[in-house]
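Common to both upcoming complexes is chain A, partnered first by chain B, then by chain C.
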Partner chain A sequence: MKKAFLSTGLLLITILILPLFISPFLVYLSTEILVFAIFAMSLGLIMGFGGMPSLGHCALFGLGAYTVAILSEYTANIYLLLGAAILISLCFSIVTGYIAIRNKGVFFLMITLAFTQVLFLITSRMKFWGGNDGYSASVTANFGFGEITSNMGLFYMMGFFFVLSYFLLKLFVNAPAGKVLKGMMENEGRMIALGYNPKTYKMIAYLIAGSMAGLAGGLYIYKTQFVSPALFSVHMGAEVMIMVFIGGLGTVFGPALGAGAFVFLQNYISTMTDRWPLILGLLFIAIVLLKRGGILHLIQFVTTFGLKLFKPSRSRNAPVDKQVKGKEQAS
Partner chain B sequence: MIELKEVHSYYGHSHILHGVNLKVNKGQCVALLGRNGAGKTTTIHSIAGLVVPKEGAIAFKDKELIGKTPNHISKAGVGLVPQGRRVFSSLTVKENLLIAERKSTSSEKQWTIEEIYQLFPILKEREENMGNELSGGQQQMLAIGRALLLNPDFLLMDEPSEGLAPVIIEQIKNIILDVKKTGLSMLIVEQNIDLACCVADEVIILNKGEVVWQGLPNELLHNEELLKVHLGV
Partner chain C sequence: MTLLKIEDLNKSFKALHILKDVNIEIKKGERHVIIGPNGAGKTTLFNCIYGTLPLSSGKVYLAGDRIDHIPSFKRTEKGMGRTFQKNNLFEELTVEENVRLAIMGKKKYRLNMIKPMQNYTDLAAECRRLLEEWEMIDRRAVLVKELSYGEQRLLEIILSLSTNPEIILLDEPTSGMSPTETSRFVKLIKKIPESITLVIIEHDMEVVFSLANKITVLHHGTAMMTASPEEIRGNQMIQEIYFGGGALSHD
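After this line comes the complex of A and B, so read on.
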């Protein structure tokens, strides 16, 4: 629990001071990164802690985005709009989760994909809301303290929701329910033998992830002002899955790092070459082959290695009599 | 406490248990012996609900267990120490114990994590270590501690001495004797005859899915024919 508060505090401070050190363009880009970080962290929960690889998690993100875009015609109240985005995604999670969590591995993957494809078809045929061309919305965030129109304002808004999502996820994975979920991913049968019902815990995680993806989708609209059926595409589902993999599966912060790396590379490399997916793909392969824990584990590995290098060797500095004593104890 | 009547269990089409009958009374410790493939683990799994018997009856505190899911059987008061320890390697020692802690309304003895630490002081020392960072003996202690924290009325132990050094087996034996003193009923599957005969009040020998002998540990140890034919000693 202490670690959760500490890491959240550090994250909050980083978000608060980050715009002071980066260019206005990076502030603008970071807004998108923060939205995708929430989205990737939500998928990271069910994939990395629950063993549920979903290729259809984008459905919940897309639903959140469409909900805000459509309802913004009737109200500008951000609390209502984001609340509705979470609620709709939660309802969809209840229906899809009830069916999907009864399956594992590739079957879970295919079922979630099927639900997304249904939404893709529906939204691409809905001429009223733009069909394949998408739907433009004009939404401005206002929490009652004035309208947020600047990139800096949007950055802090997304940053607030990102830190909040991170903190809630940290609380969940450190709670007994989170440990049970992790144990189930390792061996479901063993956890059943301890008296736990895996479906209950998987469903709880699926609903939390669904609501969080809905929130991310709702926030996405405040950045892009536009939704399209592409949000429900396989492409989108795969992209967020790659974010989780390259960031670090089985960690809360890893997927957020993955989202950051993905969006950053997508935007920077695409200015140099049209073949940016090739470079991203190579990076993905390298991470999977070299360090399966992703960027986060790579950072941890490098830090530990660095610390070992700079740490004075005990055997070299310790007095001779102590070295002998140590050897005797070891033997 | 628990009674199996004519239990027939299968793995797919393979008929493993051919009408097993056994009974464990309250506070009694029964050891289940037999060669590899005799059906010992299948018997334990049938009680725990991990294998669903196709025929027969398993009555636990006068309630039928067949048809209930493993989590319901666990909640009904049947604890399991699985073969090969099977601690959760992605969780710390403390977390392994925390997820198992459960209060029981029927069990006389209520185990707490502190009591488990008193029983196994090494677990307290290593509470922040991951499950897979423990030695085989420590993992076995953790598996027993985890099962005790469920506060079961009846404990199933599947080969608690498997793969352990003699000195650790001695420790495990003493721990089982300590647990037995609390009045907990136990059914222990073992290959180690000395351990089984030391802790058990009664011994049952299984062969090819059938009970072939039942008696006191002393009777078994003095019956060389029985030891040779059914246990290969």
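After this line comes the complex of A and C, so read on.
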């Protein structure tokens, strides 16, 4: 608990002071990064702690986005809108999760993809809500403290939800249910012999991840003001999976870093060269070849290695500032 | 009192008829050892009793209740524990973490999603008691993958004991153990109270005769005979099949 509070506190402070050090464009870009960070962390939970690689996690994100976009015609209350986004994603997760968690590995991947394809087809035929061309919404966030219109305001809004999501996930993975989930991923047969019902724990994780992705999708609209069936594309499903991979599978924070790296590179490199997919591909291959290691693991490796150089005698007791980066070690 | 009853159990893998009309009754408190050459179907029998594999036909009763149709994790809840022939542990976790995860299986708070697992003091206390009992307390902080093979075998048993079972199925617990580890193991097994019934698949005849008070001989998927150790020792046919040819020694 202490550790979760500590790392959340540090994350919160980082978010609070970050805009002081970065350019306005980066603040704008970070808004998107934070939304995708929530999205990627939620997928990271089922992929890295539950062994459920969903290629259709974007379905929940897309549903959240469509829910807010469509309902914003009738109400501007952000609590209602985000609540509805979470609820709809949760309902969809209950139905699809019930079927999907009975499968493993490639079959899980394909089933989740299939559900998403269904949504893709439905939304592209939904002429009333824009069909293939997408649907523009005009939403302004207002939590009761006035309208949030500036980029800085949006950044802090997304930052708040990001830190909250991080904290909740951190609690979950260290609590009994999270530990059981991880044990299930590592050795399901043994967990069953210990009296645990695998479906219960997988379903819990699937629902948490689904609701969180729905929330991220709902938040996304406040930045883009636009939804389209592309949210349900294989492309989208694969992109968020790549974020999890390059950030660090099996950690809470890794996928957030992955989202950051992905969005950042996409925006920067694509202005310099149109070979951006190639560079991303190479990065992805390198990380997959390194096996399971993402950016977070790399940072951990470098910090422990660096510490060994400086303090050969006490290399195991990392000072606090290093532990921030290595904070996922415990989970 | 009969605790575990196996009635007309048959198991086939497609055309392979592995277990044929197996009938075994195991009484409460018994140390029931199952012997038989490799491929006789002993592990398959355990998998059928525990529900890891579905039966082709037959019935399994635990304390009078039919259990052959309920999922495995529910059999654990009903008081059945098992170990695996091949070590089946959480290799990346420490000994202590393995045991805690095992003990937590019967706790209501296993579904808690907020409070860190390490803050449950009852879990820590029970874990410590169990590890002390099994002389593994010094190894509590070691990663399981770094344990010796014999220690891992022992941890298998500790994990199966963590669920408070009434009956434990032990699949070749001493396989791969050194002679020292084996004698230490026998000593520890003898300390398990009679309230816990043991069913043990075992190849080492010395271990068999020092633990068993009932022996079942499984041969080509048939329970040829269930009898006391003395009767098994005195039986001419069994002597010829197993002790003469040395077919019981594990390859």
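Here is the rule we use: the second predicted complex is superposed on the first by the 310 of 331 C-alpha atoms of A that agree within 3 Å, B and C clash if a C-alpha of one lies under 4 Å from a C-alpha of the other, contacts with A are read in each partner's own complex, and residues count from 1 in each chain.
In this text, a contact is a pair of C-beta atoms (placed from the backbone, for glycine too) under 8 Å apart; a residue touches a chain by one contact, two chains touch by 3 or more.
Here the structure is a predicted model, which means the values were calculated and not measured.
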Practice prompt. Check chain A with both chain B and chain C modelled on it and let me know: fit or clash.
Written response: clash
Worksheet item: Of the partners chain B and chain C, which touch A:195 in the superposed model: first, second, both, neither?
Response: both
Worksheet entry | More chain A residues in contact [chain B versus chain C] | C
Item to complete: Could you tell me if A:175 is touching chain B, chain C, both of them or neither one (first, second, both, neither)?
Response: second
Worksheet item: First (chain B), second (chain C), both or neither: which does A:14 touch?
Response: neither
Worksheet item: Which holds for A:149: it touches chain B only (first), chain C only (second), both, or neither?
Response: neither
Discussion item. Quick one: is A:303 in contact with chain B, with chain C, with both, or with neither? Answer first, second, both or neither.
Written reply: neither
Practice prompt. Examine A:204 and indicate which partner it touches, taking first as chain B and second as chain C; both and neither are also allowed.
Written response: second
Practice prompt. Enumerate the residues of chain A that count as touching chain B in its complex and touching chain C in the other.
Written response: 176, 179-180, 183, 186-187, 189-197
Practice prompt. Please name which positions on chain A make contact with chain C in the complex.
Written response: 1, 4, 171-172, 174-180, 183, 186-187, 189-198, 200, 204
Worksheet entry | Residues on chain B engaged by chain A in the complex (per definition of touch) | 48, 50, 69-71, 74-75, 80, 82, 86, 88-91, 95, 98-100, 102, 146, 150
Discussion item. Per the contact definition, I'd like the list of chain A residues that touch chain B in the complex.
Written reply: 176, 179-180, 182-183, 185-187, 189-197, 250
Practice prompt. Under the touch definition given earlier, write down the residues of chain C that touch chain A in their complex.
Written response: 50, 52, 71-73, 76-77, 81-82, 84, 88-93, 101-102, 104-107, 109-120, 159-160, 162-163
